[in-house]
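One structure coming up, written as structure tokens, with questions to follow.
All chains are identified by letter, namely A, B, C and D, in their written order; residue positions are counted from 1 within each chain.
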Amino acid sequence: MQETQASVRVLYGDVDRMGVVHHGHYFRYFEFARTEFLRNRGMTYASVEDSGVIMPVVDATVRYIAPARYDDLLHIRVSVAEVKQVSVEFNYEVRRDGEDKVLVRATTRLACCTREGRPTRVPDEVRALFTRDELARRG
Amino acid sequence: MQETQASVRVLYGDVDRMGVVHHGHYFRYFEFARTEFLRNRGMTYASVEDSGVIMPVVDATVRYIAPARYDDLLHIRVSVAEVKQVSVEFNYEVRRDGEDKVLVRATTRLACCTREGRPTRVPDEVRALFTRDELARRG
Amino acid sequence: MQETQASVRVLYGDVDRMGVVHHGHYFRYFEFARTEFLRNRGMTYASVEDSGVIMPVVDATVRYIAPARYDDLLHIRVSVAEVKQVSVEFNYEVRRDGEDKVLVRATTRLACCTREGRPTRVPDEVRALFTRDELARRG
Amino acid sequence: MQETQASVRVLYGDVDRMGVVHHGHYFRYFEFARTEFLRNRGMTYASVEDSGVIMPVVDATVRYIAPARYDDLLHIRVSVAEVKQVSVEFNYEVRRDGEDKVLVRATTRLACCTREGRPTRVPDEVRALFTRDELARRG
């Protein structure tokens, strides 16, 4: 329950002339992993937005440890690091299929806002998903 | 008045592992050229949308004749090919700075729609910009 | 054997402010479908390149019939339309999960080149995959 | 001499369905600003690579303070934060044309590697550009 693993195939257009995944493209992979995290818990981010709450990324940190290459199958593990009043932080780890080594580690913090851009509390049904994870992690 | 030339620098992330601009990225360049075409005539596409008309791309053809490379300065010539009741077709030619050879030729047709997705006539103020060009070309 | 269906989830970053998949992004989906087409037949495009033949897209046509939206699950059917001396043409049809309506129809033609950019014949092992399909189609 | 300002127009395809620049796209803008930083000092990143040294991004941090919107003209200020043995750190600030408020602050650290991926010293001619800036800053 604590984390979700989402898998992506590295496309030709994701790779730069060094032959490795261009650093900006990982945000696509993180976004994909995050929406699958919610979907695995019975919720879609689309439904969160439909309820009037948007969750833009407000902070991000990325460590590119080793390169991923064209046609690699990558597994992105995503977990919740912290749930605050108006924001949620996610952790990501990217690995190549069949390997233990972490290629990329990252965090993104998403803040809850109204459509007009005012901060608002994390919706209870979203908080419930995350705290369930936190409780499980703390044992 | 008949055409606009917009210039873009090829970024590292636009180039694939063949060392050439990835074919899908040209749509960014065409979009940029198209919005500059309108801006040069005193109109923004943002203002068209604010008036309630959206103009999605409904048809596209592209011929990739020769590759563009990292850090190339590209010039995109855009002109209006045809104005119909509810759509406008644009032509594009991409050249490398200082060269005559056309690297890419393309067309895109944009249809006018309401926000609800129903076809609607090309707004008069948009039509005026384009027919002025057509008249100039014929005249 | 005649076609492959590859499925993609529409990400937040794929959708523009009309709320629909931005027209340029479909080339990512086509590329993904094309590589899965080869993989399903026991070949990877990476291995084609390793043998010294690159296959850039030289022609593309796209008809955007109806919009795809955020979080849609899309199925892309890809098939081989034609195999010539130095090029292969693919057809694509994009549908939303659970629906018959085709949202986007497209073709791309890929030409075989050496790494130096000279046209070269479609490698026999690639041709074999495609003609097997053509034979099946003709009955 | 201490910093470069590069300007970009926000394209339709850069904006998500919130109507704001998608967080991953800023890496394009940073990359553009960084290459212009070098170009303004008489060097291209392409020439650095031609000399056998590649400079992948190994660390990035981004704070998204306020959104940028479709058709905004953005100015990206880039400066060198630190030059180490094998890496260089850049700072970025993104502002909307005509405004003082910083929309996005970011850092990226680039490491020098050989084509085989081994760490290597920052080339002297690159270091010279950066330390000249550092000297100027320290007065």
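For this structure, a couple of remarks:
Rule of thumb we're sticking to: contacts are C-beta pairs under 8 Å (C-beta built on N, C-alpha and C of every residue); 3 or more make two chains touch, one makes a residue touch a chain.
In this text the structure is predicted, and so the values were computed from the model without any measurement.
Set against the Cα centre of chain A, the chain with the most distant centre is B. A comparison of the B-C and A-B interfaces places the larger number of contacting C-beta pairs at B-C. Centre-to-centre spacing of chain A and chain C amounts to 28 Å, using the average Cα coordinate of each chain.
Averaged C-alpha coordinates put the centre of chain B at 24 Å from the centre of chain C.
Each chain gets a centre from the mean of its Cα atoms; for chain A and chain B, those two points are 35 Å apart. Multi-chain contact residues of chain C (touching two or more other chains): 12-13, 18, 24-25, 27-28, 31, 70. Interface residues of chain C, counted against chain A in their complex, comprise 9, 11-13, 27-28, 31-32, 35, 44-46, 70-71. In the complex of the two chains, the chain A residues touching chain B come out as 12-13, 15-19, 22, 24-25, 70.
Remark: chain C residues 18, 20, 23-25, 27-28, 31, 54, 56-65, 67, 108, 117 touch chain B in the complex.
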